[in-house]
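My questions will all concern the structure given below.
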């Protein structure tokens, strides 16, 4: 049984069907990637799983428990934690305090992090500990988002475009950070449009289009799927898949 | 030979929302102190004392009132305090003046609610506090009689139904409870309509009153609100006659108010605009001569003024300025013929005085043709009124 | 050929040192989040406590002491407001009503059941806390400005209910109480003892505020203030904490209200209406809601400024308004922020000088 | 809710309808003044996020100026226009010297506006005095239509307000300014990037809003007397109106003003008189809680800091 | 003459200084890119050109006129238009209203409708979502809206701050075409800040490399690709690939 089981998940905003019956299994020892055209429902999937929006139908089970619609903070407390596509922070507080808040919420005896400082070190923000979060440049803000999520001691991280706003070398460094997580018992499910990074990082890719899953499998396989190429990658992106 | 100083405190609102009331206390105190000092001061024992006033603005704030009272009582050591113009403040202040045995003369008649046997007893917290206005049932009775006697001849049939229209604040609540009883004792059927303090648009309530078809509408208490409401009532044609409490004929005349129906008004205690007594006229000439504003509350100053002389007289009689208990005893047994009343004033056992209220009627369609009456208050509270 | 500046570092981002010409900008900044060294904090606390304790012996007179008491009990109420606004970001302009709940609860317990100061205090505080929570319910649905107007309405409603409450609330006339039940050897009728009673409560409030500020709880509140959605996603029960902080704020208000009641010994509805509430909001903003001493500073300024100005009353009000405008224009974070920033600027200035001379050497 | 208190029942059935109509007319005229100030507030508040507490004082200054000018023998309607212009200039000065600096900290703007209102109140007391001021009814007519007494000035107030509302409404919805205003509310910096002169708009709505407050003050003093303290009473209704209707929504301010005016008028006419003010407070709280976006919908306002 | 010239500009926020002594130039019809690591000060520089941040020193010249002190709205009216980083769409307003706001400064009201159609051709989703509130769009859809809104102004120079952010690979390759269209069809210049070096290097002619607030390298794109700093910062496959 997978740690996170999504069954027949539906989400409708008025007349817009954002998720149309998604089934998904995610384990905590893997990196699973979710890709798909803009507006295909990736963020909505995270929002519904993490309890930001109520589901219109279907169920979400986490570690055997039904967590559908139980509220965002309860889900986070069960160590299923997400980051936001629009990088978020507590803007008026220092970077240090941002992470400390999350760390305190998720602290338990076997926490991986003995202090918030360790998390900052881990994501490479240690020199900016005293900076005010609201003044960070875009890229650092994304890292802070990850640090805050890590602070909660997650068992599964849902990362929404963590690489956006990073240049290639930064993205690679970032991918290296993420790759360290599953071996430590932190599963990762991430959305990103950087196919180089996704191909390197993910054990499995799930492709969404119009709120339905159109492909799933190892990155190499999925990215060469003609259907995926047509709706998502575009004709001349073959090289990126290799 | 240098005269000694008699320190006396005045606490009144010189800023904030009660300024117009507060200024009357200050005006009266200044006039009284000046006259007493000019006349040579107060002879107590073998010394002569000149009054030295310590005037404090309470900014219409109870905390400042208390701080000022503490200052006057403890830092300066005044012998007596005049003020304040508000029930709440006077009550809080009494809790400081009482233990310090400083005499307090407060203007609000709603003090009557707390001036009971226990409170004014030798060890009571209001033993040193005096209410400068008459008992409310007396004033109400005197006023009701005056209003009815002036209006009855003017109306086609004798008035039967009165509506009392009053502000819903501490003083309004207290005063109207007595006035309703007084009107009922005179055979009126009475409805009470309370309006929220700070109302400026009275039309909805007045329209409603119009629907009740009253013979007289009594605007009871708070001259400012009355002056706002009355013109609106005239426009709406609410009633065939009116009574305006606390609006001086002088104000009526000054503002060139005019009504096509008979309107009565009373002043607290005697009108400056149309007074039956020459001393009162003289007083107001001097009072306004000092620059005080001519407002609906101006006549109230008279109360504070008279008590200065009465207090001075009591001090002279006692012969010591440092024996407040003796001064209280003296005040309670003495009488004083002041400006406010043709008969001498005496304090009852609850530290209240008795005098009649003057009621005047203005002839329809004029602003200055007044006819006044001074009806003596009833001998006892009307049925249902437990005194106070 | 591309020009290449080899001296430039590889990683960007770290803020540079403070440039002298930007000192003024620094003065107006909000540095509530910047911690001061423990030594500085301790010295400030000791100096302040010493001054407050010594106050009755400085021979400043009863008027001064009376206003000091007013200032202190107001400050206690302000610490609640400081907590809910400064930390959790929920402003209220109905705070005087909450103090009124405490004051009236205590007064009614005294009139109806004969309970004294000490025995009624816990009930009054509890009731204020509960009412604080209940009027807080709309914060779960509406935003800041809406809540401000709602609290204002609540305040006006509270006054109307008290005014029409018959003998139970004493109507417009209000209620009277006796003096604080003496403790062995301490009679609170003595003004200085009353002062120490209020001062003790203020110290409690200050200590509580300080502890909350540095604790996990304080951080949780700030997280909610800064970003509710993110707060939820790290596991904070935002709704519960919002109501919770309003209840804690209510506790402070209740305490302040009871102290006010026993200082005035007579209360009436207008004391707890819209305008006192507005002034509380004003004080907390003036002092700086996010700073430990901000509320106290705000209370001191508003209560003592008219005394200090001591102009003709109308002029005093005008001068007071002008002072207020100047403070807000020049010190947007409140006077508390200004003082802290001056300290930081001096310290920062020394550092920069040190750095500069090192550079030259 | 409007159950009459037992002793106050109207005892003359023939009067019931007349009285009711009269109450409606009364409510409408008072609602008019509230609407005028509500529109000013909704525009300023909606755009600049400033809870301008001094707006009530602007109204009071407008009323006092009218009183003064009428006292010198000027025609009321001329005085009305001049009062509007005077207060508009006041708003301009306030925006330029004060509120411009607190755009990013609405709470500070709010506190500053309290300071300004203290100054204005006492400046008026300094120049005149603290007593209430009134003018004689500039029209002085009472129309009796089918047993209903309608004070002509009240009808004129309603008419003037209707004209102003119409002008404002079309001015805003017919032009692209309305859209620009809404954009400025939701993201000031980005609105500037689009070329929207946000600062000038802020100044503009300040002037216009203040002008309306000045006219509102003039109309108010034509109905009943005002004191230097009138502003602080009326301001809360103004805010309630703008929030009830929906921030930034002129139509909303009109609806909000009418709702409040009717609740006020009817509760004074038919409720327990001593609870008169409570009815509208309860209605305000309920609407704010149940429909935070306002009756007609509006922005939720700029983010407070 | 250069269309836009930035000379010796310093910028900062409060006590923090960001850009130091930055100079760059954009010619008529030219596409110029600024690259640099996270926090280098690229966004701040664009904001100062657009008028959202006042330069502390130095000058910004546009079409020969000193515009350093102008506000953002005044610059927009001159044709200096910025598509801000992180979208900043007007969330409560409809997609169409957002587009109309983009054209706020334009005098040729009649052409606006045609341009809306053009935008809906570039980004077909915008046609489908015409009436939807911008805040309900997905991240990538908002990014498209932000770009389209900027184009609606028919700028003289378009300042693009990370336009590829959150766009699917398919759209990123389309964006390339759109940027070129801006030059070809609109006759405008583009100043492009990008982290996606693949995109930036494939469309731009001139490039500047920024680090720690300073320009550390500049020149023609082909030269720039060879520079050691560039190699160090953009080891990514794509950069190599497109070279």
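Read from first to last, the chains carry the letters A, B, C, D and E; within each, the first residue is number 1.
Simple rule for what comes next: contacts are C-beta pairs under 8 Å (C-beta built on N, C-alpha and C of every residue); 3 or more make two chains touch, one makes a residue touch a chain.
Please read all numbers here as calculations on a predicted model, not as lab measurements.
The interface with the greater count of contacting C-beta pairs, when B-D is set against D-E, is B-D. Ranked by distance of CA centroids from subunit A, the top chain is B. Look at where the CA atoms of subunit A average out and do the same for subunit C: the two points lie 41 Å apart. With centres set at the average Cα position, the gap from subunit A to subunit B is 77 Å. Chain geometry summary: the mean Cα position of subunit C and that of subunit D are 32 Å apart. Contacts with at least two other chains are made by residues 122, 274, 277, 300 of subunit D.
In subunit E, the residues that touch at least two other chains are 16, 37-41, 232.
Contacts with at least two other chains are made by residues 15, 168, 196 of subunit B.
Listed in rising order, the residues of subunit D touching subunit C in the complex are 45, 49, 51, 53, 98, 101-102, 105-108, 110-112, 114-119, 121-123, 125-126, 232, 236, 239-240, 243, 247, 274-275, 277-278, 281-282, 284-285, 288-289, 292, 300-301, 304. Subunit E contributes residues 13, 16, 35, 37-41, 43, 85-87, 125, 132, 136-141, 143-144, 162, 165-174, 195-197, 232-239, 241 to its touches with subunit A in the complex. Those residues of subunit C whose C-beta lies close enough to touch subunit A in the complex are 12-15, 30, 33-34, 216, 219-220, 222-223, 225-227, 229-238. Within the complex formed with subunit C, the residues of subunit A that make contact are 50, 52, 71-74, 76-77, 81-82, 84, 88-94, 97, 100-102, 104-106, 127-128, 130-132, 135-137, 140, 148-149, 151-152. Across the complex, subunit E is touched by residues 13, 16, 36-40, 42-44, 85-87, 135-140, 160-161, 164-172, 193, 195-196, 231-234, 236-237, 239-240 of subunit A.
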